[in-house]
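Report on the structure given below.
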Amino acid sequence: MSIHNWFKRKKAQQETAYVRERLDIPGNLWVKCYKCNQAIFTKDLEDNLKVCPKCSYHFKLTAAERIIQITDPNSFKEINQKIVSKDFLNFTDSKSYAQRIEKSILKSNLYDAIVTGLAKISNLPVALGIMDFSFMGGSMGSVVGEKIARLIELALEKKAPVIIFSSSGGARMQEGIMSLMQMAKTSAALGRLRENSLPYISVMTDPTTGGTSASFAMLGDVNMAEPDALIGFAGPRVIEQTIRQKLPPGFQRSEYVQEHGMIDVVCDRRQLRENLSKFLRWFDER
Amino acid sequence: MSIHNWFKRKKAQQETAYVRERLDIPGNLWVKCYKCNQAIFTKDLEDNLKVCPKCSYHFKLTAAERIIQITDPNSFKEINQKIVSKDFLNFTDSKSYAQRIEKSILKSNLYDAIVTGLAKISNLPVALGIMDFSFMGGSMGSVVGEKIARLIELALEKKAPVIIFSSSGGARMQEGIMSLMQMAKTSAALGRLRENSLPYISVMTDPTTGGTSASFAMLGDVNMAEPDALIGFAGPRVIEQTIRQKLPPGFQRSEYVQEHGMIDVVCDRRQLRENLSKFLRWFDER
Amino acid sequence: MKDKQKNLLGFEKPLAELYEKLDELKKVSSAGEMDMSEEVKMMEKRIENMRRDLSVKLSPIQIVQIARHIQRPTTLDYVALLLTDFIELHGDRNFGDDPALVTGIAKLDGQSVIVMGHQKGKTTKENIARNFGMANPEGYRKALRIMRIAERYNKPIISFIDTPGAYPGIGAEERGQAEAIAKNLREMAELTVPFISIVTGEGGSGGALGIGMGNKVLMLEFSIYSVISPEGCASILFRNAARANEAAMAMKITAKDLLELGVIDEIIKEPVGGAHNNPEQAATYIKSAIIKNLKPLLALSHRELIADRYNKFRKMGIFEEQ
Amino acid sequence: MKDKQKNLLGFEKPLAELYEKLDELKKVSSAGEMDMSEEVKMMEKRIENMRRDLSVKLSPIQIVQIARHIQRPTTLDYVALLLTDFIELHGDRNFGDDPALVTGIAKLDGQSVIVMGHQKGKTTKENIARNFGMANPEGYRKALRIMRIAERYNKPIISFIDTPGAYPGIGAEERGQAEAIAKNLREMAELTVPFISIVTGEGGSGGALGIGMGNKVLMLEFSIYSVISPEGCASILFRNAARANEAAMAMKITAKDLLELGVIDEIIKEPVGGAHNNPEQAATYIKSAIIKNLKPLLALSHRELIADRYNKFRKMGIFEEQ
């Protein structure tokens, strides 16, 4: 099925990704925590913003879940939804990139690894970008880069602050060099935002690595991170192979990265909305 | 003898510090190198810019010697020569500060620990400041701060680049807090220079520590240093007392400080004039 | 009260006896044997009077002791007492996060501000974690990063100064302690936003000045500000650290001296006996002083603010000229 | 000649025989037995022709081998060959001086320029000293510092790109490799001066881009530029690093591919067989290309330069939109 046909069929389904309300956790009534291995009642987990009530492990969120958790009810208006990746290199490993794109779209109920739009948080307007790891590991290709650049340009137009939640393994290899260029494109857009003194808050979630961390994710006026998220440039396996020694405990985790000066605030998901509001108010008011 | 009387008597002697031609080395025909302990014929040492011909140890220079070595012949015009320190705190340790000032003036043939002026190097105009360690250890009090600030302000007026040779143990304690304020004053003046895109080259010579290194000396567009000069914030003895362990070899020496990212060019005195000329030309020409 | 009693300084020993009597009176009173409330009140008054008497004739080295008092309120104490909506910002985005120098956003009476200050501990453990308030280069670089946020978003800066000095360690030297402080001085001079610095405890040399180039520089009544510690000065110039008293006197390091020298703009009163006897009261005094001094600065343009700061520090220096 | 022979790549083996014959001819000739100068000339011609033939049908992975050739000229080679009055500038004024990324001032045909580039070695010892051209965060921060000098004094910037990638080490991560590269990207976009980047060998991912956001991006004929090394790509996507050849083909990493994709602006010709066969010649080609590309940029205003660079990178990306 070509992307275009897919679009037609899709239309009949639902317009936006963010209307989904169900949290995306395998299992039904009970779920086992990845960290403490304890059984949690799914309802409790959802009520707790998908943070384990026993050990505070932060489960990954879909973009839709994040939007519900963070924005004022019904305030989110998606922009540039229907930009779709293209297999312009005819790139094939075990599958063709074209097939991967299609499969990811159908599986994730998203068009690519980021959802962007305008929203309100505590009644303050924001330009919001939220990556979704479930779409090809949150990898950044042309679509992610383009949507971020457009989001920032819209923020410039609307004089709104920008918040981007990242969750990404890095560049999308199937787009070759073009994925690398998205680092330049998104960072340049942030440069323009900065020159115009519009605030940018980056929120890094598990994981934020590679080309994503080495571009827009690290460039916040304020860099926030969820606890225990993997944050770094090179992946831990690459580093271990290079240096042929074990990595120190906690290496590349939010708290460790904060100690090394790269993160302003490591923030539990349950305080995230409040802290974002505080920052927005601080920027907004005299 | 009050400063004012001293000025009168001084006038009869000679107008400027920089006319001295004799190098200020103890002994007559022969001198013993502080580093390699070998005997050097004084004439040879002078011909070699007071660098030991055997081990390249750089002897300290007086401001007058530095001017002769660096500037185009007869191009140096001193400014603000007769600003003299004042014992405004009535500060007395084993001697009063007033006595120290007077003694230093008479001994050093200088009015304070820096000589400033306009000059040419390879026919390019520069605003030049040269500290002299022989005046109270090159310590920075109100006079040093004021002369540097005025030098920079003159450079702004003349649109000339600034070069300052530092050689200083730091702030002049006998002026209490006022010596600390000279760090603010000189750095603020350099901020203004920078805002106006006028170049500043700092040349650190042995020693450059304390309040001098923590203000104008570290702020060059280009930071140069003579080899093996002691360069740091805290003195080595203070550090040893604080941490109660030995310092690593080479610690706080030019080459070590360069490896740690603070110095652009460690430059043998015999190449200094040429390198300064290259920098000045690079800044000056399109 | 117990705390205050425990933390009496040497020269405050006469107070100890009064505190003991006060305790007795209270005990008797609370046992219900007789009503001693009048006597308790009188004794409290006596204590306050003696504290006041002691404050008036403090020698510089006694002021040094108060400035260094282990119970003296710290930056984070004042942040909690006089600001709201504080969020601490961490890290220099280069090397590390320095716990000896804290920075953050906050609100002062509804005004968004950037706040920063040296951070000491109140226990040995805390002090070790905070490196006794002695910042490393990454502390100064964090401060600079945060000052630039203030500038980008046009918010005033408040800095609290309380440090024995910048840390003199191997790593600090290697990572450019001198460079970090020097760069801050240059950049502070060019800030386009109102900037108020308050010496709340020890103003230790370059380490203090490194966040201290406010348009207004205020000092708490019993704080000090000095180019070198009295002990350091004594050991260099008098070759005897024990002669710190002389050095403290000679260098003019108290708020009163510095106001006379024109190096600071205003002295902020402290509660009787020092800020640690009543941190809430001290915070109130500080808050009023900030608000009062900030107001005219908020009316200035970016250029005027830079010029104001430049002229302030440009003037500093005393010399003779022929 | 000996050197070239020694450093033949696998696919260049057919040349070895010809080189041997050439040596023999020369030996005979120099022994004076007979005049073989004609034959020598012919053999040299044959070698060049074979080299040319080999170049034409190079596979991507063969180009990778040339791009990584141990004798391939490095940044400092080109600096010496095509610039004058070079003075290297060291250090990031933060933490260290990175020998894997060199920076300095120089003159290009009388024009003051800032030059920077990754620096590999030509021997194992040199390569260890240079960390194989893999920069640490302090390398990128040094580059940024030097770019700001260029900007302050309005001088063009030339960057030479030749790195397997930014160094993936513990210290590099701790000191913010991602932050350092990200900041450079943002700041390069805002530079007010002409900026030309040249991929001279390996353009390894973020480590390459970290100094590579020129108004013009040029590539040497046998250099590569890629989001991940072919081996890395193969081991992740094909789960077999040995399939690097396929990965190299699939990812489109040669100068020709990238010109077609619109990611680079121009291919700079190399001497037959690659730049290492004639560094002087290669330097001449590069110099001409820089001068040609710099000229129109020098006529642009600060604003125009920023807009030019923004638009260049803003356009990059291929996608479908409904």
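Going in written order, the chains are labelled A, B, C and D, and every chain counts its residues from 1.
Methods note: contacts are C-beta pairs under 8 Å (C-beta built on N, C-alpha and C of every residue); 3 or more make two chains touch, one makes a residue touch a chain.
Here's who's who by UniProt: C, D = Acetyl-coenzyme A carboxylase carboxyl transferase subunit alpha.
The model shown is predicted, which means the values in this text are computed figures rather than measured ones.
If you take subunit B and subunit C together, the chains in touch with both are D. Among the remaining chains, the Cα-based centre furthest from that of subunit A is the centre of B. Subunit B and subunit D have Cα centroids lying 42 Å from one another. Separating the CA-averaged centres of subunit C and subunit D is a span of 54 Å.
Residue positions of subunit C touching 2 or more other chains, listed in rising order: 93-95, 175-176, 179, 183.
Shared interface positions of subunit A, i.e. residues touching 2 or more other chains, are given as 194, 260-262.
Shown here, the protein chains touch in an arrangement that is not a line, ring, star or fully connected set.
Shown are all chain pairs that touch, namely A-C, A-D, B-C, B-D, C-D.
Put simply, subunit C touches subunit A in their complex at residues 85, 87-97, 105, 107, 110-112, 138, 142, 149, 152-155. Subunit B contributes residues 194, 197, 199, 221-223, 258-265, 275, 278-279, 281-283, 285-286 to its touches with subunit D in the complex. Across the complex, subunit D is touched by residues 93-95, 141, 175-176, 179, 183 of subunit C. Here subunit B touches subunit C in the complex through residues 3-4, 7, 82-86, 88-89, 91-94, 141-143, 145-146, 149, 171, 173-185, 187-192, 194-195, 209-211, 213-219, 231-234, 238-239, 242-243, 247-248, 251-252, 260-262, going by the rule given at the top.
For subunit D in complex with subunit A, the touching residues are 166-170, 172-179, 181-183, 185-187, 189-190, 205-206, 209-210, 213, 225-228, 232-233, 236-238, 250-253, 258, 261, 263, 309-310, 313-314, 316-322.
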